[in-house]
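Below is one structure, written out as C-alpha cells; the observations come after it.
Lettered A, B, C and D in written order, each chain numbered from 1.
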Amino acid sequence: MSGLILTLKKELKVPLDASIISPTNLAGKTMDEVKNLELWEGNKKVKINEIFHVEGENKEEDLTIKLVGDFSKARGLGFKMSGGKLVIEGNAGLRLGEKMKGGLIKVSGNAGSWVGSEMTGGIIEIEGDAGDFIGAGYRGGRRGMRGGKIIVKGDCGVEAGAWMINGIIKVYGNAGIFPGIHMKGGTIFIKGNCEGRAGAEMKDGKIVILGFLPSVLPSFDIDDIKDSVKVEEEKISGPFYLFTGDLNEDGIGKLYVSINSNPQLKFWEEFLERVI
Amino acid sequence: MSEILIKNGFVFDPLNNINGEKMDIFIKDGKIVEKVSSKAKVIDASNMVVMPGGVDIHSHIAGSKVNAGRVLRPEDHVKDFEVKTKVTRSGVGYSVPSTFTTGYRYAKMGYTTVFEPATPPLKTRHTHEELRDIPIIDKGCFALLGNNWFIMEYLKEDKLEECAAYVSWLLNAIKGYAIKIVNPGGTEAWGWGKGISHLDEEVPYFNVTPKEIVRWLCKINNILNLPHPIHVHTNNLGKPGNYVTTIETMDAVKDLSKNGEASIHVTHVQFNGFAGTSWLNLASGAPEIADYINKNAHVEIDIGQVTFSDTTTMTADGPFQYILYLLSREKWVNADVEAETGAGVVPFRYKKSNYVNAIQWGIGLELALLVKDPWKIHMTTDHPNGGPFTHYPKVIAWLMSKKAREKTLNKINKNAKRRLDLPGIDREYTLYEIAIITRAATAKSLGLKNKGHLGVGADADVAIYNLNYKSLDPSKDYKLIKKAFKQTAYTIKDGEIVAKNGEIIASSKGKIYWVNSKVAEDIQESMLNNLKMKFEEYYTVKMENYIINESYLHKSFMLNVQSEV
Amino acid sequence: MKVKLITGRSLQQGASKEVGKLSEEYFNNVAICELDPSDMEALNISPGQNIVLKTKFGEVVLKAVKSAQAPHKGIVFIPYGPWANLVVDPETHGSGMPSFKGIEAEVFPAKKEDKILTLKEVLEKISGGK
Amino acid sequence: MEKIINNVVCTVCGCCCDDLEVKVKDGKIVEVKNACAVSLSKFQNYNGKERIVKPLIKENGEFKECDLKEAIEKASKILAEAKYPLIYGLSLTSTEAIGKAVELAEALGGVIDNTTSVCHGPSLIGVHDVGLVTCTLGEVKNRADLIIYWGSNPIFSHPRHLTRYTVFSRGKFRRERGERKLVVVDVRKTATAKLADIFIQVTPNQDYELISALRMAVKGEEIYLNEVAGVPTSKIEELADLMISCEFGILFFGLGLTMSLGKSRNIDAALSLVRDLNERTKFLIMPMRGHYNVTGANEVIAWQTGYPFAVDFSQGYPRYNPGETTTIELLTRGECDAALIVGSDPIAHFPVSAVKHLMKIPVITIDPHRSATTLISTVVIPTVITGIEAEGTVYRMDGVPLECKKLVEPPLGLKSDEEIINEILVNVKKLKE
C-alpha cells in the first residue's frame, strides 16, 4: 500500500501518548521529520523511530497510516484527525480518535475505552470489541460526541454514547449497562443484547436494541408499538416497543426495544392500552 | 538582602501624589529606601510605567468553596494548564486555578497582595492551608459573620460589648482580617431552604433583621477599630430591582461613619445593581447607586465586573447560587456550614449575545465611570464570579478607552446596548486613576500602611509595565494597555524580582495578614465563659479545636488593633 | 447453592485490623463468610464449619458464620481482606472501582481436605498465578 | 508522671471525633475515654507486636534491616529510574504529608492516587457531572428531622456517627430521637437498619432502579411497575412522601452505592434525587467517607493540581481521567513499573488481577505496621503514627479541618511520613538532575 507503515519495535510496558500519530498531523512531513517526532512514553520523551520501524512514503494529501503491533497501552491514536486513514493492525488503547473531526480509523483488533470521545466527524470501525464510554466525553464536561460514526463489530462496555449530542454509534455485538446515559441527541443501535439501564437520564435522541434487554427503567413510559425503525438510511424491521424518557430528566428520548427478543417486557403492553 | 535601583520609569504613586513623573525608585532589604549603594542591581525602566504592586481587595482564591469549585470542574482545568519549571510547580487554570498557578498568574500581572473575601470560620484552617500553598503574593481572609448564630443572639439580647469581644476572639482564633457579611440573615434562612427578601424581614427563629445585623456589625467594626470597614454582599443579590436594597443597605450605616471614613464596603456591586422588575426588563441601577455614592462619603465599593467568559460562580450566598442553578440547570454545589454560613458553586457562561449578561457587563463599567471619586472604587471581577482575575487587563482597557468599550458594545445584545447609559459616557480613566482603583485605594481601604505606594518605608512590591506613557494615547492604543497589564516587564516582591516578561524567575512565600484584636480581659473572659456551653451545643467540634494555631501561617503578619472596650 | 456475594466492613474487621493485618485476630475475623440462617440450614452446615465459595474469578475456603444481620436469604457476606479478594470481580467499568458487591457466587460445604489458607498461602496462590 | 489530654481528635474513621480524653502515664497511653471500639483497639494496639521499628530492604527474597538513609536512597533510586511510578495510599496521614507526596509525584513524573479510588471515587465522578448539595455535620445535628443511610452501616463503619451527628445527637432545633426519623436502605438488615423507623431492603445491584423510581415518585409521576428492586411501589411512594414532607432531610450514602453495579451513576442518580428535592423542601446529601483523612487527601490534591485523585504527572503537568489514571486500571493493565505505598495495604484490599502486577514490580511501603503489602515490598520504611505520635491536619467527612495532636513520643529513630517523603523528594531531585 502507499502511505506510511509504522511497526512497533517492542512491547509497550508503560503508557504511550500516541496523540501525535494521525494522518492530519503527519501529512506533508518528510520521513526524517516523522522519525524524529517526539512523544511521551511514560515520563520519558522518545522519538518515533525509537519505538517504530517507519517505512513507506508520505506523498499524498490524503495520507494513510498503517500501524502494526499491540497498541493496547497507546493513548489517543488519531487525536483530532480531520482526514486521511488510520489503519491499526492489532489492538488500540484508550481514547482512540479522541476529538476526531474527519477521515477514517480502522482497528483489526480490540479498542480501549473512550473510542471517539468528543468526536465531531469521521468514521471509526472496530473489528473486535470496544471498551467503555465509546462516543462519550471528558469527565464533568457533559458533552459527548457531536457527529460522525462509530461502528463496533464486537461488544462494547458501559455508557456507550454517554452525554452524546449527535452522530451514530452502531454495536453489532452486545453492550454493557447505560447505553445513551444523559444522551441529548443522535442514534445508538445495538444489534445484540444490552445488560440494562438503556437510556438512563436521557433527554433526547434514539436508542434501538435488537437483542435482549432485561428490563426498562421505571422512569420510562411506553408510547407505542412500531413495525420497524430507521437507523440512518437503513430500515430495521421489528416489531419494537417504543418507550420515551427519561422522565426524571423530563426527557423525550426514544428507546426502541425488540418485542421478539424480550417477552419479559410484555406486561408493559397493558399500560400501552391505558395510554391510547 | 540585595539592593535594586529602578531607573527612569514613569512612576504612578497616587498615595504620594506622583502622577507619571520620570524618577528613580530605590530598594533595599525588601523596602523602599531613599538611596542605594553603587552595588545595587539596576533595572532600566525608561519608557516603562512603574506602579506599586497591585492589591486585590476581593478575589476568591482559597478555601473550601473554591476547592469545591475545583473538584466540580475537571473540564475547566483540562483546557488550561501550566507545566512545571525549575522554579515553579505545575498546575491548572482556568476559572478556578490551582493554588500555585494562582500565585504565579497574579505575580505575572504585577499583583502582590490579594484578599480572600469569604472564609467560613469553622473551615478557615482549610483556607490557611491553601493560602500557604499560594506562592509569592501576600494574603489575608475575611471572616463570614453575617449569619453567625452567636452574633444574631447577642444582637437579639442587645449585648454589644460582649458581642464585640466575641468577634474579637473569633478573628484571633481563626486568624482573620476583616468582617464579611453575605446576604445577612438570608443564608441562615437558606438553612431551612428559605430566603429573605427585604432588609426589615425577620430571620426565622432569630427574630433579627438584615438591617439590624449590618448596623450591629458596623458598630462592632468601629468598637474594635478594625483596619477595613465591614465588607458587605447585600441581600437580594442577583435579583431584578435589587439596586434599591443596595442603596438601603448603604444608607443603613450612614450615621456610623467614623471621622469621615467609609463605614461600609459594598462588594461586587454589579451583582447588586439591577434595576427593572424581571429578567425581561432588567436594566442598570448603576446611575442611581453612583448618584448615592457621589452624595455620601461613608460608602466605597468594588465593581465585580463581568468579562464575558465561561467561569465558575461561587459565593457564601447559598440561596442565590440555587437561583443561578435554576437558571442554568447545569451543575450545582451547595455547602451549608453549621451555625455560621453557607456556600454555593455554579458554573456559568456569560455571553455577549445574552441580554441579561450584557446588561450586567454594562452595570459594572457604569459604576466605575459614574462614581466621580476613584478612591471610592475598587477594580474587581469578584474572581471568578464575573470572570477570572486574568481578565483584569480587559477591564482596564474598557475603563481607559471609550473606543474599547464601543468595540464591545457593538458585539453585545442590541436591546441591552439600547438600554444602557454606557454608550453615552465619555469618561476615560487615566493611568493615575487605574493605579488608584487597583492598588492605592485598595491598600488604603484595607489599612495596609506599607502597601499600595512607593514612599520610603513601603514594602518593595513593585510592578513595572512595558508601556511608553509619553507616546501613548490609551484611548486609541487600548490594545497596548491590555498587552502591558497582562504581564509585567518586572514584578518585584519584597525587594526580589519574581517575574520578568511574563516568566516567573523566583518563587517565594507571601505573608498572611491577620488582626490581633484586643479587648479588656474581663469582658473577654465573661464572654468566653458564657460562650463555651452554647458552642458545644451548636457546633460539632470542641472550642479548643476551633482555634487555629499561628503555625498554620508560614509567614504570619499580625496587625495589632486596640479596641475601645 | 447460588448466592450473591457482598464484601464490606465489619466492626470486628475494623477493630482487628488495628491489632495487625498479620495478626491471628484479623485472620479470625476476616477469613469468614456470613450466611443467612436459612441458607445455612439448606446447605446443612453449622457455624464454625468451613465452606467453599466460588465465583467466576476464583474460589476460597472460609469459616461459616451465622449472620447477625439476617434475614438476607441468598446473600452471603465476606469482610474486606485478602480472602475476599480471591473471589471479587475486578471489573471497574472505567470507574476505578472494582465490583466488590453483588457478585454471582456459589457456596458449598467444604470437604475435610479444604482448609482455610493462611495469608502467606494466599499470596503464594496469587503469585503462583492460580 | 501522669497527664490527661482533652479534646483529642480520633484518627480512625471519617467522623474524626474530637472529644477523646487520653490519659498518658510515663510516656505511655494508659486510658482513653469517649472512644468507639475501633478507636480503642487502635490505641491499645498501635504499638503492639505488628509495629515496625527498623527499615527493611529485601535482598534475594530475604528482608534485612538497614538504616533509614540506606532505605531512603534505595527507594529514591527505584522511583527516580521508573518510567511510570505510582504513589498510592495517603488516607491515613496528615494533609502536610499528602502535599509533599504530590510534590514527589510531580518531581517523579508519576501518578498519585489515594484510596478514594476504591471507596468514594465513583462519588467524585458523579459530582463532576451533577454537583453536590451538602452541608457540615452540625447542620444535621441542629436541623435534620429525616436521616437516611443508604448502603452504609455506620454502627460498624462509623460507630459514633449516629450519636454525635445524627439521630441520637442533641442540637439547637432538634433535642431528641423522637424529633427525627431514621430510614435505612440496604441489602441486609444491618445493625443500623435494626435502629431504623423504616428499613427498605433493596435487591443487590438494583439501587439505581430504586433511586430512579424514587425520583419518579418525588416528581409525582406514576410508576407502572408494582415493585422495583424488590421494594413494593407503595413503599417507594411512602418514602418519597416522607422525603418531600420533612423540614430538613439528609441522605448519607456508603460503599453500598459506590461499589455495586452502576458505581458513579448510582451516585449521579442519588445526587440528582437530592438536588431535585430542593424544589420541595430542604434536602442534602453526604458520602460516608471511610478513613480519617481520605477527605483531606482529596482536598490537598485538588487545591494543588485541580483534580481530587488519580492525577498523572508524567508529562510535567496534572492530567486526570478516572478509569485511565486510577490505580486499579493502571495495575490491571500492567502499566506501572514501580510503586510507593503510603499507609495503605493494597495487597490485602485489591482484586487478584491488580495484586499480581504489584507483586511483579518494585514496591516501597511507608507504614508503621506490618501488612500483606509490607510482606511483598522491596523497601519498607517504618513511620510514626499521625494523631498519636505526630500532629497534623485532617479533614472530617464533611470537610471540616481539624488539627490532631501529638500525644506521646514515637519509638526512637522513627520519622513522620512528611519527613520521610520529603527526604525521598530531595534525593529524587538530585538523581533527576
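Here is the rule we use: a residue touches a chain if its C-beta (ideal position, glycine included) is under 8 Å from a C-beta of that chain, and two chains touch if they have at least 3 such contacts.
Since the model is a prediction, treat every value here as computed from it, not as a measurement.
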item	value
Central chain (distance from its CA mean to the mean of all protein CA atoms)	D
Pair of chains joined by more contacts [C-beta pairs], C-D or A-D	C-D
Distance from subunit D to subunit A - Cα centre to Cα centre, in angstrom	34
Where subunit B and subunit C are represented by their mean Cα positions, the distance between them in whole Å	56
CA centroid of subunit C to CA centroid of subunit D, Å	22
Distance from subunit B to subunit A - Cα centre to Cα centre, in angstrom	46
For subunit C, residues that touch 2 or more chains besides their own	93-94
Multi-partner residues of subunit A (at least 2 other chains)	113, 132-133, 138-140, 142, 159, 177
Per-residue overlap in subunit B, given as positions that touch at least 2 other chains	72-75, 78, 331
Chain contact graph, described as a line, ring, star, complete graph or other shape	other
In the complex with subunit D, residue positions of subunit B that touch it	62, 64, 66-68, 70-75, 77-78, 81-84, 89-92, 96-100, 122-123, 125-126, 129-130, 133, 149, 191-193, 205, 322, 325, 331-339, 342, 345-346, 537-542, 544-545, 548-549
Complex interface listing, subunit D residues touching subunit C	12, 37-38, 40-42, 44-46, 48-50, 117-118, 121-122, 125, 153, 155-157, 159, 187-191, 193, 201, 204-205, 255-256, 258-261, 263-264, 290, 310, 322-323, 326-329, 332, 345, 347-356, 359, 369-372, 375-376
Footprint of subunit A on subunit B - complex, ascending	72-76, 78, 330-331
For the subunit A and subunit D complex, residues of the former touching the latter	13-15, 17, 40-44, 72-73, 75, 94-95, 113-114, 132-133, 138-140, 142, 159, 177-178, 181-182, 197, 200-201, 215, 217-219, 221-222, 246-248, 268, 271
Subunit D residues within the subunit A interface of the complex	82-84, 108-110, 125, 128-129, 208-209, 212-213, 215-216, 219, 221, 223-225, 228, 261-262, 265, 268-269, 272, 313-315, 320-324, 333-337
